[in-house]
Amino acid sequence: MSGVTLYALTGAALVGTGFFGLIAARHLLRRVLAFNLIGSGLFVYLGAAGARGGEADPVPQALIITGIVVALSASALAVGLIVALARARGRAMLPEEDVGG
Amino acid sequence: MTALLPLLLLLTSLVPAAISFFLAQDSYGLRNALNLGGALLKAGLIVAMLFAVAGGAVYETTIPLAPGLVLLLKIDALALLFVSLSAALWLLTTIYAIAYFGTKPQQSRFFGFFSLCVFATTGIALSGSLISFFIFFELLTLSTWPLVSHKQDAASLRAARSYLLYALPCSTLLLVAIVWLESATGPVLFDETPDLDALDRSSQQAIFALFIVGVGMKAAIVPLHGWLPSAMAAPAPVSALLHAVAVVKAGAFGVVRVVYDVFGVARVTDLGVGMPLAVLASATILWGSIRALQQTEIKKRLAYSTVSQVSCIVLGAALASPYAVIGGLAHLVHQGLMKITLFFCAGIYDERAGVRDIAGLDGLGWRMPWTSACFSLGALGMIGLPPLAGFVTKIYLGIGALQAEAAWVLAVLGASTLLNAAYFLPLLARLWFREAAPDARGDERVPALVVPAVVAALAALGAGLLAASPLSPLGWATLITEREYLR
Amino acid sequence: MTWALDATLCAMILAVALATVLGRGVFRAIVFFVVYGLLLALAWVRLDAVDVALAEAAIGAGLTGVLFLAAFGRLARSGADAEPPPGRVNIAAALASAALTGALVWAWVALPLPGRPGPELAEALPRAGVENPVTAVLLNFRAWDTLLESVVLLAALVGLWMLARDEAWTEPLGLPQHVRPGGVMASFGRILPPVGVLVGAYVVYVGADRPGGAFQGGTVLAAVGIVAALAGLVRPPRVTRRAWRAALVAGPAVFLAAGLGGAALGAGFLTLPERIAGSAIFAIEIALALSIAVTLAFLVIGPPETGLEDQ
Amino acid sequence: MTALVALLALPLAGALAAVVLPHGAVRGMVPALSVAMLAATAVLVAGLSAQAPTRLKLGQWPPPVGIVLEVDGLAAALIAMTALVMTAAALAALRSEQPAAAGARAAFGFWPLMLLLWAALNAVFVSRDLFNLYVGLELLSLASVGLVAIGGKPEALAAAMRYMLFALVGSLLYLAGVVLVYAAHGTLDIGLLADRTPAKPDALALALMTAGLMAKTALFPFHVWLPPAHGSAPAPASAMLSALVPKASFVILLRLWFEAMPDRAQDGALVLLAVLGTAAVIWGSLRALLQTRLKLVVAYSTVAQIGYLFLVFPLAGGGSAEMPWSAGAWTGVLFLALAHGLAKAAMFLAVGQWMAVTGSDRLDAMRGLATAMPMTSFAFALAAVTLVGLPPSGGFTGKYLLMTSAFAAGQWMWALVLAGGGLLAAAYLYRPLAILFARADAPGPATLPTRGMQAIPLCLAGAAIALGIASETPFELLSIGRPAAAEDGS
């Protein structure tokens, strides 16, 4: 297994890990963390694909940088929503999922 | 210019409708002038066309919407028969409605939708293609709803809901039928019977059934008639419109179009669907009469009478023999003239004498002679007393039934005549031969209410007396049948 | 040897990621996430993507981490930091996740050999106006992406501000910070800004030829602002201060103006003529870095809030 | 070409200006900007030739290096619909006190978010690059979430949060597909992808992107975020969100299935999409029937109407692509999308006016409003006619074309979905109409919106009807660059 493949598989595993967190977690902050894991996993996968065959392809790198900034923007808005929701409801969870606990 | 005539005919109703919506309640003069002007203009246009069409002229306008979706307007003899009926009755109803509403509220809305209804009916009459027919047919459904619910009380809203509850599912089935058919044949034009052989026999039968359900609902064919009696909650001019000018007529006209122009007589016979339709129509004739007999309200009794009478038109179409066709088509006009007379009178009894129940008619004949004379004329015509219009129709239908080798229809016609007599004669007896109640009131001081009734009654009388003339409804129906269906 | 290094790094990344998802407590998850971002930056170096490594370290680990920590602090104030006890093991979610990973692994094996715009790109690069190919892609070849991305930041910020309470609208951004004078934070806050500004400016400047650029540099500058605010050295501005709002839009505005300038000169929308491409990109980068710095800082600091306790 | 640049740059520049300028200046700028956008749209549509859609290589870089924008009939029609809806929503927002009533916060935020939304929509409609579409979608989602959050109430925040989560998942799934496409083909350009030899991971990429876009389009069962979100935003925002935003991700689905990867479409997948669409029609309609708040009725109606759009896949995709009926299905669905946009915006703007008058969107608060506000009520009724699919409306033209295509293809069950869906729509829209037109118990409200204000939803609803009456021009427009018809071109 080459190094590049290793990173690609890591990326795939990160996507799965994050996806599990996104579905299974109930605390919204953890869900947004999981979202970031998926995103970075996909970027690693893409970066690995761009690094195949010697010289690195600059296009995926540019896409990834754009993607990282977009992910941060989305995270910031999501986190702001969580804070505002928690202030209004006292819980960092969606009303319909706030059972037990 | 001649290509614009169909369009012009539509605009005479559409323009008053569009402007009426935006008029303030107190612009009585302008609103009345608009609606009367439109009605007069339309009547004038039709008179101008009558002779040309009798001589074989055809006016046509095409408005393409999208590929396969062409709005085709065409004035042929059958279209003109229906459109002249609705135009003449529109004029009378407009005069009547202006007097009826006086200074009641929400008139802009009423006249707006009323003219829109007539616009849709004209469109149905002039439609030269199946899809044009459907578009106007749906427009009629929609513009009728605000009229039925016009009083905005619980009964009116219930009636309006019941109307849509019947109309929308049925028209959806009509659309399915049209699309199913046209996906096999391409756009269907009424002047060339489409070739349906691309569809197998059972599909053709299913499409025919869907069509009949779709248009039959408006013609109040049993069991799709329930909406019509409950729509009696609407004001009298609306009842006149529903029963004579527009809605049930559009349904009956639709049946005629489907049988003759979509499927064609030969295919209807070949598919074996004509007889079931005739049986259905006969059942409706009898059932409507029986139900009419049970009603104690004048308008309800008239409504069930409509259920029964309109199916005479359907029966004529279903039997499909030459005399039956003529009788059915002529009845389209005859029933309209007689029924509008009756509804005008019922409205006058309600407005001027406060009478809604049959029991209240006692002795009114002498107090309100003009109205009661008209009512009597209409009722006797409905029964089929010679030489009135209803008699002419029944004779033609009877001969047509024999031509079609369906002698059982004679029994239906006979039974229906007896039933008609059973539910109309007691009314006449009360009007003329009973003592009035001591506190009875009633006058005819509003000529604008009475005159339309008188004119309609005289027209009904004339249609029977002058049946032999080529321009009488019967003469015109004969012309249509000879020209279109016996080629 | 290198293989062992890569394997170890990947194993650590995965372990930290798992800890982020499964570990007890949201606070610990955030800390793991920051570590994760730093390890990931190393991975990017290993993948020969130094530009991405910089972005990941600055944005992915640094700024995102601060964002989450600050949010956690605010949730704690609302009493919403606690997590419900984990329910049943969510087997369906686990299966779906495994399937997703499996599908991606399968896809990797099934991928045809490198598909990439090799020859076309090699032919275009010399005409891009900058040496660094990543910068060339970002600010020239795919400038439309980057312009839209810069307004994505703006959309997020305006959206975030909409979460302010109406009575707090005219207050300064974020929560007021009270820092012990002479404490670690205060001295850190005094030393960092001058250094940070220098580093940030340098990262922007070298972006044309070497790894770096507006996004990485802007992030460093943003970090300076955030630290200064957290240290209580500066009070963040109010939304009503128009100069600051102008700073938010300067980058996208210059970028858009440059793009429209190309159209006006007849070259075409977002077309940088070869002669002036280098200097145009440099100008855009400076303006972008400024806007990115301010926007990112505001995104982390949060919407305007009153200092009063909630409810 | 200039028109296209204007349509992209104007809303962007406007959004930037709206962040900086004082509020009064922004209010002055918005009408001028709307007029300019309408003019640019007219120039764009008029300049579109039937032979070749307008293409714009950004930076003069040909793909795969650069990004290409292309205006075909589909894009032009949606741009035009967007311009109409946005202009109407902007005028309504300017004239109503609603955004301002929530204070300076909402008055500041509405305009930049609205203009960014406009820019994002136009960008998505014309983009031919899968990653650029991703960035455009993100801009769209963040601006939309911001608009929902403007409401400020706890339920608006919860709605915005839920929307955000779905948007995030949708973005990631879409992004995953984009990553696979680039890894396999080294390009993201739709035109180039169509010519590449299919690679094995393509099916997976298509599935992932489709799943993500389904979440963004709110296709059943991913619709749960939509009704609360559209129900709690300010009315002009709801109008934009419901009429336009789901169309953007739907357009990307069309681009993927019909233009980028038409040969990878499996029949089973195409049918599955239509089955989900059918479920959306039924479920959305039934839920709409049960609502007691008018805004939620209208929002659930969007869930149902979105369902129709997915009937296009089995009728025009896969093996049907070369069949004569595919053109009818394609155009019919776009008619439905356009008619729904115009009608739905009209409905939300009408509801907004009633809410401003009665202070609530509960159905029973609307009793008898038709007497006091006839124009608005008539607008709602016309919009209902369109959504039910009755003639003569754009909704009818679309339904007729789709139903004909379904029967011609022998897939009559989709025709029944359209027919039954129309009846369900009539059922859930009848309730509000009957209440509006019932007799008022109390005297009408004291202050009413001006006639000009009432005319705004009426114009939109009128446009939805006009789409059916004059359907030949939009039909021809939509045929430009239609994928099935353009098999000779590149």
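Brief remarks follow.
Lettered A, B, C and D in written order, each chain numbered from 1.
In the analysis below, contacts are C-beta pairs under 8 Å (C-beta built on N, C-alpha and C of every residue); 3 or more make two chains touch, one makes a residue touch a chain.
Small disclaimer: the values here were computed from a predicted structure and weren't measured.
In terms of C-beta pairs in contact, A-C outnumbers the other of A-D and A-C. Nearest to the overall CA centre, using the mean of each chain's CA atoms, is chain D. Of all chains, the one whose CA centroid is most distant from that of chain B is C. Chain centres here are Cα means. That of chain A falls 28 Å from that of chain D.
Distance between chain centres (mean CA atoms), chain A to chain C: 13 Å. Taking each chain's centre as the mean of its C-alpha atoms, chain B lies 73 Å from chain C.
If each chain is reduced to the centroid of its CA atoms, chain C and chain D end up 31 Å from each other. Multi-chain contact residues of chain B, defined as those touching 2 or more other chains: none present.
Touching two or more other chains at once are residues 131, 135, 138, 142, 145-146, 149, 157, 176, 182-183, 186 of chain D. Touching two or more other chains at once are residues 104, 108, 111, 114, 116-118, 121, 142, 145, 149, 152, 155-156, 159-160, 163 of chain C. By the document's touch criterion, interfaces exist between A-C, A-D, B-D, C-D.
Remark: chain A residues 3-21, 23-27, 29-30, 32-34, 36-37, 40-41, 43-45, 47-53, 56-59, 61-66, 68-77, 79-84, 86-87, 89-93, 100-101 touch chain C in the complex. Across the complex, chain B meets chain D through its residues 21, 64-69, 106, 109, 131, 134-135, 138-139, 141-142, 146, 149, 152-153, 157, 160-161, 164, 168-169, 172-173, 175-176, 179-180, 182-184.
Within the complex formed with chain D, the residues of chain C that make contact are 103-104, 106-108, 110-112, 114-118, 120-121, 124, 140-145, 147-149, 151-152, 154-156, 158-166, 169-170, 239, 242, 245-246, 248-249, 252-253, 256, 259-260, 262-263, 267-272.
Across the complex, chain C is touched by residues 2, 5, 8-9, 12-13, 15-16, 19-20, 22, 56-62, 64-67, 102-106, 108-109, 112-113, 116, 119-120, 123, 129, 131-132, 135-136, 138-139, 142-143, 145-146, 149-150, 152, 157, 176, 180, 182-187, 196, 199-201, 204-205 of chain D.
Residue ranges on chain A touching chain D, taken from their complex, read 15, 22, 28, 31-32, 35, 38-39, 42, 45-46, 49-50, 57, 59-60, 63, 66-67, 70, 73-74, 77-78, 81-82, 84-85, 88-89, 94-95.
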